[in-house]
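Okay, so here's the structure we're looking at.
Order of writing sets the labels: A, B, C and D. Residues in every chain begin at 1.
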């Protein structure tokens, strides 16, 4: 290990790998397989959305009018920025910049928090108007199927929000490990994997935002 | 670890470029949604979302520099969604035996307090005022 | 309480095992015979193929036994493009033929031929009801004329059911909030078995019915009589037939225990509920219980998901209540 | 055994060394005991059900209890036994050995998957105690929305078991890609590995959909999304699309690895290279791809004519790669040096029963015939011919084949042959009768039935007792083998794949030295 890497802990790969590179590549394939399954997990919500939008287009227009596009827009910007800080975090880990890594990860964490706070205010507004899934729906609407829109809205954004929360947990774990100096040019697998996960969360939102808020 | 196995460090210009493109496309999609394009509303919004996704996949997630297997997994998962949608629609959009909704048979207990569009305007008048 | 496992005789049609050939029950619809011939086509081709496969395997095994003695097992072959193409292409062609044949017959099953008589069929837990359009629902027995195309327009008031007549080779799911249809033309008089084939709960196995195929003249006569009878019915009689068509599978009138409270002595009695204050069973309570069954659940019973009978008219409900008043 | 007599079973001891092990062999073995337990549980339920069905009147159970039993039988067999049976139990043990690797790619994930399986199974058991479930393992709405009791917990159990399956799939994909021994190109992999790889792809791409489906069902019950509930304006048939999008590919999760085992058995016991290696490998992938396109054939009686046409056409396409495999196996017997040991008997049994399953599958794929057979005992018989006749017999055959490797002991060959014959006789008595019952019109999931069906039902029930006897014999000789069986040689059958080149049982890290591959997987010298 060269002198410049003093501040990092050396990583030892698990016994069944020939070297750390093979370990990293395997983790990547595993992660992409996991992302593929995540996408299909969300597919159910998108298919349900497509079917019911096809059956009751007016109901969806009415539903979308109840959502505040500005909040959604703001949250989109927040998530995109957090995706950017995430890749920069990965890159810093890769280039042995410990401090930058911790900073970028912290910013990502804070942005995720901002996203959830905005989400909280949006949810509170919906609850106030009784615009909830059917068993709790007490709102007023022109379409008698308006509750289906909010059913899909809450399941979709709820599951996405859950993923954001899990991502925040993972980021916290990364920040702690990064502070201990565990990530450097030869070993940044966890940062890279959480990064991929975080971009996936971003992609899901890229679709949820226009589908629910805009059109 | 030998030098040939060093991980490729992506130049920052790709990341910044993607970031800017994503911000720009977000503004575009919001701006376009303010204009009513009729039947094109949904396709245009989806198209922009797909472009954004492609940017994230290629650069943020590094598919551009990655092994082909990652892209194969990604594309096949999208392909599966396409199959899912297509075949479900093959049933639902082509049903010959769906009759107009009928009182009684269509025993739907809607929780929605249904109002006429005019009443609805009245009720949400104040809200819309606040919004704009 | 023990459920009795006997299926009421009125729901049982002609023997299925004893009639027809070894595989199928007797075919009584115009399209059943075509569909059966496809079965035998696949059956015989499969049998020939199967015998071929077994013969080849046995031959190879015997040959290997011989090799044990001589020490010569022959050359190991791992490829033969010609034979691989043959056993890919021939099955492909065969299954395409089968697909086309099956699809053609299926279309014949789906698209009615000629003018049809439309009958409404209703599935509910756990009985079938048939409505010919004169305001009377006939439970358990579907009466149709022979040699006449019939179209059944079916729907369910609660969960999924499936309407199945083995002798006609026809089946279609019966779905709430939606109409599904089947058509058929029975060419032989008799009474035939109807099953529910989509699992629908506790007494799914009991959800049988009978189809009586009668001559055209008899059918016209029957229609006229029934129509006249329905028109002249007094409220209690009408209520009784509504009871039989809608309520008898869950509510008894002799005080015996069933899934739901008995109607014996119901009117005017004091009712205790698990989810509401007790009340006297008057017209208002009965009407509410018919339209919104879940609102008040009688103590000692579970909510078994009785459907809301919102499709019954005001008059029909009044007549049911009139009938309940007479059940003492 | 290793030079010092240490192998994976005795290299460490104590319950912690098992419960927290990261060794794929130990996890595989724990999975094996788990799925066998689930199998006997599901089997016991089946035997009880058949006793009830001997007569139309009440024999042991009430209608409600019977409905719970068939739900339990389906759920336990599908989610707890058959999906993890070959991939997660045998596959976990065999895959790294066949690849010449020291472990699977992610050992911790592997253990996590096992604990997901345990928790999922516990939830299923919990569902029984919380009032039971009577929705059928398919959870069709709207019945499953209103059904009381433990339906919620059973759906949750299936959800968790699904994630166990996904994690196994993720792990296997990475393992096959990254951990092949030096020199082992894609077309030098054993066909079992190909089959497990194709299975893993389906597990990853299909299982999440059942996850979201069951989640939506749970939310539908708790909050009311409205999309599956007709009372709220939803569409109950949509649920079936969602459900079968996973559950049809799941059929191939069950049967592809079984086909992999068959390929191994036929070359080892014919002592020759397989016929048409590439065709078999490609057909595994082809089956995996087509499996996503045919789910609608479970719904021929409620879809639009257009959808039904496409699904029927695509369904027939599955017959072709399946047929290719069967033809190749039979061709492999040509000029073979065949030894008729019990694993090979299971190969022959599989061939016979799976062919019947396949031919009746063609009948069910034909639209006009399916309308009559749908949801009758004909369908029940058909899928038991593929699931038991195919997967379970392959699982048992694979267990006999690899038993010397995983336990280091031999079993009583004579008893094994008797059990195999009893099993196939009993199986055919149970299910061939059901073909006739179904074609005559007997619907499935009936607690009681018309008097006329009684003789056939009775015959069917007697077969279950023959099968029970066979399984008891099997338990006996495997128990004897495990406790006092004679020491197995490293390569008792003359297999050529890498797992036979290490010790029986394998040492802790599988191989003393990671092997280098030169020849194809089935290079027999004879």
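Everything below uses one rule, namely that a residue touches a chain if its C-beta (ideal position, glycine included) is under 8 Å from a C-beta of that chain, and two chains touch if they have at least 3 such contacts.
Not measured: the values here are computed from a predicted model.
Here the chain at the heart of the shown protein, by mean C-alpha position, is D.
Across the two candidate interfaces, B-D and C-D, the one carrying more C-beta contacts is C-D. If you average the CA atoms of chain A and of chain D, the two centres end up 35 Å from each other. Separation between the centroids of chain C and chain D, computed from CA atoms only, is 32 Å. The centroid of the Cα atoms in chain B and the matching centroid in chain C are 42 Å apart.
Counting only residues that touch two or more partner chains, chain D has 177, 204-206, 209, 224, 230-233, 235, 237-238, 305. The set of chain B residues that touch two or more partner chains comprises 69, 73, 76-77, 80, 84, 88, 92-93, 107-111. Each of the following residues of chain A touches two or more other chains: 25, 29, 33, 36-37, 40, 43, 47, 51, 55, 134-135, 137, 144-145, 147. Interface residues of chain A facing chain D in the complex, by the touch rule stated above, are 14-16, 22, 25-27, 29-30, 33-34, 36-38, 40-45, 47-48, 51-52, 55, 132-137, 144-145, 147-148, 151-152, 154-155, 159. Of all residues in chain B, only 1, 5-7, 9-10, 12, 15-16, 18-19, 22-23, 26, 29-30, 33, 41-42, 45-46, 48-49, 52-53, 56-57, 59-61, 66-67, 69-70, 73-74, 76-78, 80-81, 84-85, 88-89, 92-93, 108, 110-117, 120, 123, 131 touch chain A in the complex they form. Looking at the complex, you find that chain D touches chain C at residues 56-58, 62-64, 67, 134-136, 140, 142-143, 146-148, 230-231, 233, 235-237, 270, 272-277, 279, 301-302, 305, 308-309, 312-313, 316-317, 319-320, 323-324, 326-327, 330-331, 333-338, 340, 348, 351-352, 355-356, 359, 362-363, 365-372, 374-376, 436, 439-441, 443-450, 452-453, 456, 524, 526.
Contacts from chain C toward chain D in the complex involve residues 2-3, 5-7, 12, 15-18, 20, 22-25, 31, 34-35, 38-39, 42-43, 46, 49-50, 53-54, 56-57, 60-61, 63-65, 67-68, 73-80, 83-84, 87-88, 91-92, 95-96, 98-99, 101-110, 158-160, 162, 164, 166-167, 169-173, 175-178, 180, 193, 195-206, 208, 302, 305. By the touch criterion given at the top, residues 19-21, 24-25, 28-29, 32-33, 35-37, 39-40, 43, 46-47, 50-51, 53-55, 68-69, 73, 76-77, 80-81, 83-84, 86-88, 91, 94-95, 134-135, 137-147, 185-186, 188, 195-196, 199-200, 202-203, 206-207, 210-211, 214-215 of chain A touch chain B in their complex.
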